[in-house]
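Listed after this line are the structures, all set down as C-alpha cells.
Okay, so chain A shows up in both of these, paired with chain B first and chain C after.
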Partner chain A sequence: MSSSAAVQRRFDLAAMGDAATRRQRRVGNEDDDDDDEEEDDQGSEAWGRAYADERSWEDLQEDESGLLRPIDTKALAYAQYRRRLLQKCAASATSSIQKGLIRYLYLIIDLSRAASVTDYRPSRMVAVAKCAEIFIREFFDQNPLSHMGIVTIKDGVAHQLTEIGGSPESQIRALMGKLECSGDASLQNALELVHGYLSHIPSYGHREVLFLYSALNTCDPGDIMETIQKCKKAKIRCSLIGLSAEFFICKHLCEETGGSYTVALDESHFKELFLEHAPPLPAIAEYATANLIKMGFPQRGAEGVIAICSCHKDVKIGGGYTCPRCKARVCELPSECRICGLTLVSSPHLARSYHHLFPVTPFNEVSSAVPFKVSQKFAQTCYSCQQSFVSHGSKSTPHVSCPKCNQAFCLDCDIYIHESLHNCPGCESRPGSTT
Partner chain B sequence: MKFKIDDVTVYFPYEHIYPEQYEYMVELKRTLDARGHCLLEMPTGTGKTVALLSLIISYSLSRASNRGPLKLIYCTRTVHEMEKILAELRLFLSHLPSELRSSLLALGLSSRKNLCINPIALSAASRDSVDSACRRLTASWVRASAAENPAVPTCDFFESFDRAASSSNAAVLLPSGVYSLQDLRAVGRERGWCPYFLARQTIHHANVVVYSYQYLLDPKVASIISKEMQKECVVVFDEAHNIDNVCIEALSVSVRRQTLDGAARNLNRMTQEIDRFKATDATRLRTEYNRLLEGLAQRGNLALTDAWLGNPALPDDILKEAVPGNIRRAEHFLSVLRRLVQYLNGRLETENVETEGPVAFVASVNSQAGIDQKMLRFCYDRLHSLMLTLEITDTDEFLHIQTVCDFATLIGTYTRGFSIIIEPFDQRMPHIPDPVLQLSCHDASIAIKPIFDRFQSVIITSGTLSPIDLYPRLLNFNPVISRSFTMSLTRDCICPMILTRGSDQAQITTQFGIRTEEAVVRNYGKLLLEMVSAVPDGIVCFFVSYSYMDGIINSWNEMGILQDVMQHKLVFIETQDVVETTLALDNYRRACDCGRGAVFLSVARGKVAEGIDFDRHYGRLVIMFGVPFQYTKSRILLARLEYLRETFQIKEGDFLTFDALRQAAQCVGRVIRSKADYGMMIFADQRYNRRDKHSKLPGWILSHLRDAHLNLSTDMAVRIAREFLRRMAQPYDKAGCGGKKTLLTQEDVERLPHDAMDLF
Partner chain C sequence: MNSASAPSKLYSNDVSLLVVLLDANPFFWASSAAASGDSASQHHPTAVLSFSKLLNHVIPFLSSLLLLNQFNQVVLITTGVNSCSYIYDSEEGGAESATGKVPAACSKILLRLEEFLTKDRLLGKDPDKAVASSVSSLLSGSLSLALCCILNSSTKCFFFHSYAGMVDLLALDFGVDIQRIFRSGTRHPQPRGSPDGPEQYVAVMNAIFTAQRSMIPIDSCVMGVQHSAFLQQASYITGGVYLKPQHLDGLFQYLSSVFATDLQSRSFLQLPRPAGVDFRAS
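Up next, the complex of A and B:
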C-alpha cells in the first residue's frame, strides 16, 4: 500500500516544477522518506517498528514531585530560537556587516566505516543524508546566488559525487542514490580534491567546505598539516560538524581556516548545527574585497519554442531562459552560461539575498507576569495574525514587541517574521516607512 | 595580582586565582608560621607550583627583615620538571616589583652530564663517565702537574672559573635572576666558566634552588652538595607520592656476581698502583698513614673538584674517630677488602634463598673473614682516602669496589630497618642462575629523618597522596597540617568509571591465577577494541607488569584483536629500553597530532607512568587493566611488610592496597593536566568495585565517581564514554557562571578572608 502511494507521489513530483510549490514538495518528500523507511523496517517486529524512530520516552520529563510530564516542546523550541537569534545579532554587531553572499560550498560527507554506527537512528549515514537534503534546500533558498557540490569519502579516497552547481534537485538525487559506507576516512584526500576544484573559483566567490564527519581518525597519505596550510592560503574556509566526539586535527583545521567546529549531541542537535551553516556567514575582512560582478538577467523563453539546451545538449520544448549575451538556452537559474561564462540570475534571487544584510532586529519579550489590568493599555492581539493574547486566566500569553514600531506579535509570528518574512509588518505599514 | 593573607603580602603572577590555590596558600602560610612540616594533596592542573612559589617567596620577602631571608629548596624528580618550575619562577619574578626582584637569585642544579660544556668530557655517554672525564681534567693533582707540564690537558672552563671565583666574592659571580640549566650553560659559554661548578658554588647564596630528590635524600650526594644549607630553609618535595621509595632506594645496595668480579679487578689494579708508588714515591703512602693515625679519615679541606661521593651512611651516624689500626696501611686495607669480596662470593654460591639481619650477617663476616663491625664501618672512607692518595681519576672504572664498600659501611652502621637477602635466581625465571645479594632498607624514615630535623619546614605535596594519613606513619613525622584539596570545576571534565564485567557479563580481573584465562584476556581485548572505535585521538593503557603486558599482547595478536585495533588506531608499546620507549612516545604524539589516532600500551610503575604527561588530545582515555599490586612474592617486599607491621603497626593488606592504589591514581592522573582539559579513566578490574579499594583513590577522582559509574560492563562503559565525549565537545564558559565561581579576581580575594576563615 505504502509503496504505491510513494510511486503516486513521485509521479506528482515529476509533474511539478515551479518554485512556488517548493514548500509543499518538501512536505511531500519527508513523507516519502518515512514511507521508504517503513519499507526498510518491514523485517523487524511490529512493536519495534512503531517506536524505532520516535523514541517517545525521551519526550518525558520528571518534575519536582516525581510525576512524568511531556516536555513542552513548543516552549523549548521557542527558547532555542530566541537564543540563536540573539547570538546571531551579537555576532553581527561586533564583526563587520559584510557577508559572503556568493558562496561556493562543498559539502563533504564521510561515508567511512564509522558512518554505519547506529547511535543515530537508523544509522549515522542515513541521519546525515536526511538532514543534508533539508540543508541543501534551505541553502539554495537562503543563498540563491550560491553554488554547491557534494564530495564523499569512502575507503580512504575522496570522490566527487556532484559537480558544483546551482540546482538542489540534482544534488539531492545524486546523494540519495549512493548511500553505502566502507573503509577509512581521509581528511587530507578530501581537502586536496576540494582544493583542486575551489582554487579556480573567481575571487568574489566565498570558498567554503563543510565536513560532516563521522569517523574519529583520518588515514592520510601524507602530511595533513601542509594541506591545511595550503587551504588556508587558498582562503578556503573549512567548517566541520562531528557526529561523535571532539577530535584534535579537525579542531586544528577549523581554527586555522577560520571555520567553526561543532559536535552534535543527537539527531536534533545535529540538524540544528547543520542548518546554522545555511545563512551566509560574515565575510572575513581580509578575504573579502569589494568587487563588481558582471551578471546577466536572462529572459524566460516563450512556451512552445523548440531550442537546443546548452546544459543538457538536447532539444527541449518550452520554458528555459536565454542568455542575454550569447543567446544560449539554459534550463535553470541561477547558473553560469555554458557558452560565454556569464553569471545568470533573476532579480528575485538578488532580492532574496538582500535581507541577510539588513536583518530584522530581534523583538523584545513582553513580560507575561504583568497583571492583566496594567497590561490593558498594551495591545491584546497579535499585530500580524490578529490572534488574541488573552487566555482563559487573568494573565496574557507570552508575546513579543518590535522595538521600532512597538507593535505586539505572538511567538509564532515572531519566528515567521525573522526566519521567513525578513520584514516587520508593523514597521512596513507605518506611513512614510522606507525599508 | 597582589593580596594579603593575614600579614603577608602575596604577589601572584596571574590576574585570576582558583579558590583552591588560595586555600592552599593559606595552609602553607600556617605551616611556615608554625615552622613545622606539612602534607598537602592537590590535583594536578590547579596551579600547585605557582601557588607554592609565590607564597613561599612572598613570605620570605616579608620576613626578610627579622632573621635572614628564608631559602627555598625545591626538589623535583626529573630535569624536565625542573625546567618547568624554573619557567614558572621566571614568570613570577617578572611580576614582582623591581626592588624586590633584584634581590632574588634562583637556579637549577643537575649532574655534570646536563651542565657540562667541555666537548671532551661531554662526549662520554653515561653520567658516570662524564663525571670521571671531568675529574680527569680537573682533579687537583692533575692541575698541579699541568702547572709544571703544559702538555697535561685541563679544562679551560674550570680554570677560568677558578680564577674568577678566587679573585672575587663568590656571591657576586651571578647577578640576580632565574637560571635554568640552559641559561647556566649559556652563561658558562659566554664567560668561559664551568657551569657545573658555578652552579655548585652559587647554590649557597641563591634564594631558590631547584634540584633532584637525590641531592637531599641520598646521603652520598647530599653530604657534598647540601651540607652547607642552613636551617632557615623551606624544603619542598613536589610529586612526592613515591617519596618513601626514594628514601629506601637511597640506602639500598645490591651486589651481583659481576660487581664482585669487577671489585676483584679493581683491587688488583690498586695493588699494582701501590707497588708502583712504593717503588717511586713511598713518602706519599706514609703521609697518608700518618694522617689516618691522627684520626682524619676525611681530609679537612678538599678541593672542590676532588670531592667524591660521600659516605653512604647518614651524617649523624658517621663515627668521628680514628680509622682502626688494622686498615690504616694500604696493603692491609686491600687484603681486608679482598677477604670481604671472597666472603661475599662464597655467600652468592648458595642454592637457597637466604634472609638475614645485619647483626647476624656482621657476626658471620667476623667469624668467617675476620672483619669486625668497626672495620666495615670505615671501609668507605678508607677507600676514598686511598683513591685520593693513589690519584685515581677514572672513577667510573672503580664503581664496583665502591659498591662493595658502600655495602660494608651500611651493614656496619645500621642494625635495624635493614635486611640482607640472597637470591640464587630471579623468582620469575628460576632456570637462569643470577645470584644477587641485596641489602635492602625497609624504613623510609631513616633517610628522611635528618631532613625533618635539619630544616625549618618540609612540605610534601603531590596530586595523589591518598590516603593522606599513611604518609606520616611511613615517614615517621608529625605534620602540622595534612590536607587534601579538591578541584573546583565549571564542568565535570573527568569521568572515572569502574568496569567489572565484559560484555558477556564474565568478571574481569588480573587476580593471580585467573588473569591468563582466555575469557579475561578476550574481555580486556574487547574493551580496548570498543574504546578505540569510540574515543578520538590518544588512548593510554596501563598494565600491571611487563610480563603480563607481553603475554596479553601475544594472546590478542593470536585472537586477531590487535589487528582490529590497528584499523582504528596505531599501537605503540613501552619497553624496558629507554631509547625505544622515547621513540615510541614521539611517534605516538605524532600519530595523535595528525589525526591517525594511537594507543599507547604501557606499564604501571614504569617510566611512562611516572613522568610523562598525556594531556589534551594525547590522552582522552586511560585504561588501567587490573590493580597494580607489587609482586607479592618478592622477598624484599615481604621483608619490608614484616618490618612495617612490627615497627609501625601497618597491616600488610593496607600497605599493599595503598601502594597499588596510589600507582593506579598516578597512572590515571596522567590524563588531566589542566582545568580546560577533559579525560576519562577506566579502572578495569572487579576488585576496584570494593569499597576498601576505590575509597582509597584521591578525593578529586572520588568526587567525580558517581554510583552509576560503578560495576559497569563494557557496553555500558562505551555508552557512557560516547555521551561524555559529546558533552565535553560542546563549547563551554571558562570563568564559570552563576553561583559557582572558579576564578577569583583580586576583589574577590580581598572579600574572601572573612568567609574563608569561617569555613576552616
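Up next, the complex of A and C:
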C-alpha cells in the first residue's frame, strides 16, 4: 500500500539526518488511514463535520509523569525563533559577513514521475507550487534588486519556464499555468541549461540555483562530475531541497559548490526550509568581487504626458519612469532600460535591503527567578505594546530586554521586532542613536 | 514599486483602530508660537499654529472618532526630541471609557502630555548628551511603537469578540487599522530637502515597509513650512493620504473630513492626492 510505504519512508528519514532532531515528531501512523475514514463520514453526519478538520488529540502531549497536557504552541514557537536567531547571530558575530544582495536565482522544479506521489497533499507537485508562490513573493520582497527564473525538469529534459526577470507576477503566472509531471529527472541537464544562462550575467551578481528535487535518481547523458566542476568554476552556488530521501550526488553537488542540502520531513518543514533561502546568504569570499555598480534613479512622469514605452512598444499616457541616461520610458521599477542597459531602481528598493546589513541585536532573556539588585527597578510593562508582565499570581511572565537601551519587551514584540520590523523601539526613541 | 501592486484588502465594516502620532518638538512649537503672536510676521496669519491651539483641534477630533462607531479605538503617541511615549488609549479603564466621558479623557491627555514634556526636557538637559541636541523629532521611534501597539491590539481584539459570541466575521475583519501622523516640520535658515533627520532614514524605511506588509496605511498631516519627504514616501508606499493644510485655523475640518474616514469608505471617496513624491533620502 502506498500509504504504508509513505509512513515507512518517514521513519527512515527520522532515523537519518540531523534535521530530525529539530522536529518534535508524533510517533505513530499519520493521517492517511484516518483521512479516508473521515472523508466517508463527512458527507453524512453534521456532527462529524464539525470535528472533521479539527484533530484535537494532536494538541495534547504527555509530560514526565504521564499526564496529558495541551501543547504550549506559543512557547514552542518562541523557542524555535530563539534558536533561529542565535544561529544567525553566532555565525555573524565572529566576523563581519558580506551578504550577496544582488542575486540571480534559478529555481529548478522537478516535474518527473516522482512529483505526482501523494505523500504531500494533494500531490508533491501542487504542494511545491504553492510554496513556490509564497517563496517568490518573499524573495522579491527581501531582495528587490534581484532576479529570478524558473526551470522545470520533465521526461529527462530541462526546459526554461520563465526568463530571468524581476517581476514576481509573471513568474507565478507561468508556474501555475503548466503543472503536469511525467518521466524521469535529470540533474545534469538542468545544470547544463542553467550554466548556459548564468554565464551571461555581470560579475557583481551572485549566481544561485535552488533545486526542489522529488525524484530518487537522476538519468544523465554524460558525466555529472564534470558538470559539477564546470558549475564550480563558473561560481554558481547550488542548493537543494529534497522531498524524498537524501542521496549522495545531491550532497556532493551542494558541498562542491558551497550551497546547502536539506531534506524535508513534511509539508510545514518543507515550507520552512524553502523560505530559509529567501533572505540573502553570506557571500563566499572568492565569489564576491567588490565593484562599483552604475544605477539610475528615474523620475516619475507627470500625469498626462504621452510617450511610447520601451517595454510594451505602445503609446502610454501618464505615469511611467524616464531613464536618466537615454530618456526612454519604462513602465515599472526595478527594471533594466532596454535602450542603454542601465539598472533602474528607486530608493525604497535599496532601502528594503538595509535591514540585512544593520540587523537588530538579539535581546537578552530576563529571568524572573534571578534575584535582582535592590536599586534595579523590575520592568512592569512591555515598552512597545504596554502589555503588563505581572499576571495574577504576581509572578512575572518571561520577557526580554534590549542590551543597548535596557527597555523591556514581551515575547510577541520580540519576535515581531526581529523578524518584521528590524527596529528596536527603545533604541529609536533615544536621540543620537544612529544605525 | 507602488502601492497599487500590493493586494488590496476588502473591508466589510467601518470599525477602526487609529493610532495618532503627535509631534511635540519644542523647538518647532516655540518658534511657531512666537510667529503666531507676531503681528508683523510675513507669514499668512493662518499659516502658523501654536501648540495649545493645535490641541484644541486634535482632542475634539479624537472624540469625534470615538463617536463614529462604538467599537472604534484611538491611541495617542507623542514624539519628542529625546523620547517617545504613549499618552492616551481609549481602551484603558474598561467600562469607564465606554460611557465616553469626554472631559475626563481630555484632562487625562493634557496631564500626561505635560508630564511627558517635562520628562523630555529633563532628558535633554543631561550633561552627558551633546549641548546642541538634534532638532528633529524621533519619528522612527514613535512609528515603531505604533506598529507594535497595533500588533498587540489586533490580537487582543480578536479574543474579545470571539469570547463575547459575536459573529466571527467581525472578529476576522477587525484588522482595519489606520495610522495617522501629525508632523510638524522644523524651520531651518538654509533650505534643505526636508526637515526630517537624515540619520533616521533606515529606521523609518523599515517601519514603512513593515506597515506596507501588514496593510496599515500611514496618513500624514504636515503643519510645518516645508514638505516632509519621509512622510510623503510613507503615505505613497502604504497607500495613505498626505496632506499639508493651507489654512491651519480650520485644522479640525481637515482632520474630520479627510483623516476620519475609515478604510472601507476610502474605496468610494475621493481623497486628496499628492502631486509628486520626493524619494530623496535627506
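The rule is short, and it goes like this: the second predicted complex is superposed on the first by the 352 of 435 C-alpha atoms of A that agree within 3 Å, B and C clash if a C-alpha of one lies under 4 Å from a C-alpha of the other, contacts with A are read in each partner's own complex, and residues count from 1 in each chain.
Simple rule for what comes next: a contact is a pair of C-beta atoms (placed from the backbone, for glycine too) under 8 Å apart; a residue touches a chain by one contact, two chains touch by 3 or more.
What you are looking at is a predicted structure, and each value in this text was computed from that prediction instead of being measured.
With chain A superposed, do chain B and chain C clash or fit?
fit
Given the superposition on chain A, which partner contacts more residues in chain A: chain B or chain C?
For chain A, the partner with the higher number of touched residues is C.
Just checking: does A:Ser65 make contact with chain B only, chain C only, both, or neither of them? Give me first, second, both or neither.
After superposing on A, A:Ser65 lies clear of both chain B and chain C.
Applying the touch criterion given at the start, work out whether A:Ser384 contacts chain B, chain C, both or neither, answering first, second, both or neither.
second
Go through the superposed model and pick first if A:His349 touches only chain B, second if only chain C, both, or neither.
After superposing on A, A:His349 lies in contact with chain C but is clear of chain B.
So in the superposed three-chain picture, is A:Phe358 touching just chain B, just chain C, both, or none of them (first/second/both/neither)?
second
Output check: A:Cys250 vs chain B and chain C. Expected answer is one of first, second, both, neither. What do you get?
In the superposition, A:Cys250 touches chain B alone.
A:Pro431 contacts which: chain B (first), chain C (second), both, neither?
second
Between chain B (first) and chain C (second), which, if any, makes contact with A:Thr218: first, second, both or neither?
In the superposition, A:Thr218 contacts chain B only.
Across all Cα pairs of chain B and chain C, what is the smallest distance in the superposition, given in whole Å?
So the smallest C-alpha gap separating chain B from chain C comes to 33 Å.
Mind pulling up the chain C residues that touch chain A in the complex?
The touching residues are 1, 81-84, 86, 89, 124, 129-130, 133-134, 138, 140-145, 147-149, 151-153, 155, 199-203, 205-210, 213-214, 233, 237, 276-277, 279-281.
Which residues, counting only chain A, touch chain B once they are in their complex?
Going by the criterion above, the answer is residues 114, 119, 184, 187, 216-220, 223-225, 242, 244-250, 262-265.
Once bound in the complex, which stretches of chain B touch chain A?
533-537, 567-569, 592-597, 616-617, 620, 722, 725-730
Going by the contact rule at the top, pick out the chain A residues touching chain C in the complex.
141, 144, 297, 300, 302, 332-334, 346-349, 351-352, 354-355, 358, 383-387, 412-413, 416-417, 420-425, 428-432, 434-435
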